[in-house]
């Protein structure tokens, strides 16, 4: 397994565990973070043995968001011409967005296990995951508003689909903290666990459940659900028909039906 | 009333009751099911006397989804050329989707009354209804994932609009069972009734409420709500303005206003 | 401050208070209402000193919706040719929609404080606001269905994004009353306050919170959230990157970071 | 081959010839026309032996458009309530549109061979074809404007994609006649032939060329080109990738490559 | 008729003639131009007696585009904060775009008669018209590129639909001059007339032709063609069906059919 | 300058010349071609000194399309499971599409100079360029249809926007050869030059013209034109307003205006 500066990555039982690993810095997102996450998810995408992914943070907190040192060094690159600065800033934002697009576009389901702080850029990150789970001490805040800026790496784009437009706006305009219980009530997380250990065990159990399914079926399901976030129902129906025109010829259906008949757990190839 | 193999259909008090009627087979969806449902909803659409529709299942369960015998016979039609198989599969899926599109596109509101199992294809079906209600023994499961395939007749397209993206993905990837109480909490059903009888009485009461409104107004409202699932707000505003340019010239407004003034229940033509 | 017939407008501490002011008529929306609201929101948009807006209703009720006298006078304008009547009706509806589009398109967040009746056109209005809050006596009803017509000034377009498709349809087809508690559960309001005074205090406190943020950041956040109601995620990401290419060159970031470092409250220019 | 009232249909050498066959009425589109065309194209779609389609008109003219007798009988169905009339008219228009959608959605390429008059509804029809060819005596006119109505069965929707927005508007607003030479210059037809016989020979030669290609490849190409009329480039790229994921496993590629190597004409199964 | 600073407006025989009237300044677009054009087209939209519109330029040239003095005064409004400047510039551009949107959204067809220079902002203007005609001395140039900026009031948005993507890019990147003959060949104008007088006579003849048609039918046609520039074919079909559900109940059809039967010119009400 | 296997790349006078350099193989697109083109366009995008790009082919022909050896080796990677083969094929096609997306997404204008054969994949490539020019011996053919497949790396997606839907279909279904003269007439190329030398001189002259403009203005223009291929006019207007909110604060406007005043050629920074 490759070594990373900002992450620790493990693969066991077809589940990749991607751990943000700067606990002494509240897992703040520094320059290596933004580039390594792309490499990691490229590896995940290319590795058929990975069937589900868990993202978590080492230590007490999931992540406090972008590292302010990184913002400062960005500011230093700016010159005198507003137009050329804009060109530079636009490219930089697009590149940072690409880091979380790599999570969103990953062909395998990605589960976020969130404890402690989940702030600013961390919300952008978990909004790009398939599902979110937290421990009872979790605290969420769309902190960008307090930095004098509109969040620009995914929260404002993806979170409204998850929690609805009404509460979304309150959270985005005020940056107020959301506790675990409210997070579940508004649909930000699917479940709250008592503590960090229960959180990880619970999330890995769900990931294991998913890893046991046909990877062809799971990939098709994810493709379709992502597609439906911003396509029409009729387009989605046509797309799945075209997709399944190939995929229903896979052996996985026969494996599944045979297992169902014999009441055994099916074994699917990667 | 026409006789059907897979359904029993009745029309009373402007409400059509469409009952899946294979209780000995858990109301599994066989070949006649898929073609008859199209005929039934064509009749509903063409019959002005029908103003609301209730779909339910005979016996203990709503439906266990597609009949596996039907899948098996589909598999037998496949030949040696992958390309021509794909052509055949794609057409078959599109035709099956059309069966539930007939429900979705029906000009009258369709209410699903769900007891017991609501599994696999049954979720696709109720996702195409306007509203869903269940009894306390209802159990929902997006079972396709356990058949080694991505659901392809509507669940993945329509359900995210109803229950939100976060919990949707967990249910679709794991196929886990959702009980009645959770179903209400996540918005999958609007209300839970104590038992089967209370369920039918409750749903028919709502249907009767709707059947008493102006059919012109109800049809316009449904057209608009369906349209808004995948159109822009500005397009929707323009569309309703064009729609109401004709419909506000209907006598139903005058009937409604007169009834409102005289504190009486209005009587609208079909 | 300009005097209005249907409204009372005040500006204090960067918060505009727009009060519907026909308490003796349940704040029903008469002809001056529809035109004055456009002027008021144009003034709000053009006045940098306004950073947040609260809409409320004078007296016991928020609003009982459109004034039936106004509908009657509209009916009198119709002539004999159905086509030319349709042309006239379509223009009239579009013009009335424009009144609430002015609220929706306002560059500053708009908070609705709702007590008592919120009926018919009043739902269209609050659907065009950013967030909704109510007191425990609030009652909501999509009353248009009982007037024999499909709602046509925004409810059917905007509300499904806020409360989800399943419950939306029940409320739109039946026009049944929703009480405060249910309104919060389905996401129609963000919070319920005990009484009118608590409601206004609570909503003004949230508005004050927002008014203290960088107006550049708040405007960008609102622009993006409105955009995401009907655009794709990839388009949204590109749009915010282009937006922030200019806005991250604002001094507000430096003000915010400096305040953050010195643990002081930042002061942003209008 | 089934007998039709308004058409004569033949199938030779994998080419279906669909001929409008009311020459004594200038091939005006009467009631049987609108329903039979749906049946014919359903048969074409379901018959793998049909690989290309030619539409032409018997006698001196292609078609003079909708039969005015049919319009008159439609008018007779209208009642007193404007709203219910609108409901009826809307359904009728949608059903007539469906007749030409059957042409547009046909999985095989459809070539129109046009001589003499091509007026009103006939333009709607040829706009739904893949390609258009004419003889030098052809005359085109968007005649609906002179009937006091906006064309509503496809011309205004499909023709701008073919001839561009600028000239489209002139033709639609004025209804003026376009001769063969101008028709080619603005892209309305692909080629002008000297006379009726040369037209049919030329069009059948192109159809034969298409019928000799892999039907899997031709169907994929048509699906994609139709899709691109109203989808984004990125969506189109993803769609063809999904489509070809199945279709490139067809034997037709091997047949084509082998024929290419041996310099022989490939023979593809239907 | 109202007096304008930048325009001369006349109404004769149901045709409004809107003439840019600063010939001594090459009809450059100054501040009054941008606001008066909105008023003029609001008047046109609200005046049923106007059935077609001709835009032309007084003197030797159509227009040399935006007045540079106006740009200079805009520059003077800018302050020190890049973010607030961006806010101001964005609003200003949107307001200038609204001036040409008023032309584009006008319910009556707008014909541009172009002689001499048609440069920079003048291309943006004529791109917002329905059709374009020119005299043989016309010269077109997308001049913005030579001012160091991307055109931002409509050329880049609307012109590609008219002349196609390939030649569009060459003209937009180079700003090179297009002469009348090429303008017709690429579809930028529909026809070239020998001189200014022939141009005006020709364009007014076409406008008179349109003004003689049913205004209900022309308005529906324009609505649909504008809609189809950025909507799907299936949406367009549904929209026209809804539109015509009202409009086919107009008396204009009967007037048209009766005139057709009696071989007389129909007379339609405004 | 980096050395490439399939290309020769030069940078002179702010123009990058990207030459396909396998003349002995008719410039067929082999494996290095598909990966190197991504690297080259990444370099172009990141290098501010490049302001325009010319793509040409070494030797007698532009390119004969994909190297059949490469297709053969792809076929060898396929296994027994249709589903997993589909997964592999889909990824491969998406990766090959990405090679031409790199051309399409390049921030600088790309001009194709085409002589001799331009066949199959070569059409996909030039469709992704901004403009196309050819010499009189050029021959175009959408050859994929003769390989038994639908073109899947961009032709079917991008070319209809350039040449219109009618002629597009004929070329895609038949694969027939288009000569230079017809290519210009249908808008596939902007201009035909007499021979190879005239072609290169002509195209480099246009590229030089573009390279002399403000790179900020050119980049904005390209962004907008690409955006308009698949966005709505109102979205495009809003996007350019947001874009220019930053870019109009660039010094390039002042440079351009000053040059214009002094009748000198402006000098813009990279």
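Lettered A, B, C, D, E and F in written order, each chain numbered from 1.
What we mean here is this: a residue touches a chain if its C-beta (ideal position, glycine included) is under 8 Å from a C-beta of that chain, and two chains touch if they have at least 3 such contacts.
None of these values were measured; they are calculated from a predicted model.
Fitting subunit B to subunit F on Cα positions gives a rotation angle of 180°, stated in steps of 5. Of all residue numbers seen at the subunit C-subunit F contact, over half occur in both copies; the interface is built from largely matching residues. By residue number, more than half of the contact pairs of D-F reappear in one of the listed pairs B-C, C-F or C-E, namely B-C. Averaged Cα coordinates give subunit B a centre that lies 47 Å from the centre of subunit E. Taking each chain's centre as the mean of its C-alpha atoms, subunit B lies 34 Å from subunit D. Residues of subunit A found to touch two or more other chains are 82, 86-87, 164, 216, 229, 231, 234, 242-243, 245-247, 249-250, 252.
Only residues 109, 130-132, 161-164, 187-190, 206, 209-210, 213-214, 216-218, 220-225, 228-229, 231-234, 236-238, 240-250, 252-257, 260, 266, 268 of subunit E touch subunit D when the two sit together in their complex. Interface of subunit B with subunit A (complex): residues 68, 71, 78, 82, 85-87, 89-90, 93-94, 97, 101, 104, 144-152, 154, 156-158, 160, 164-170, 172-176, 186, 229-230. For subunit D in complex with subunit B, the touching residues are 81-84, 86-87, 216, 219, 246-247, 249-252, 269. Listing the residues of subunit F that touch subunit C in their complex gives 231, 235, 239, 242-243, 245-246, 249.
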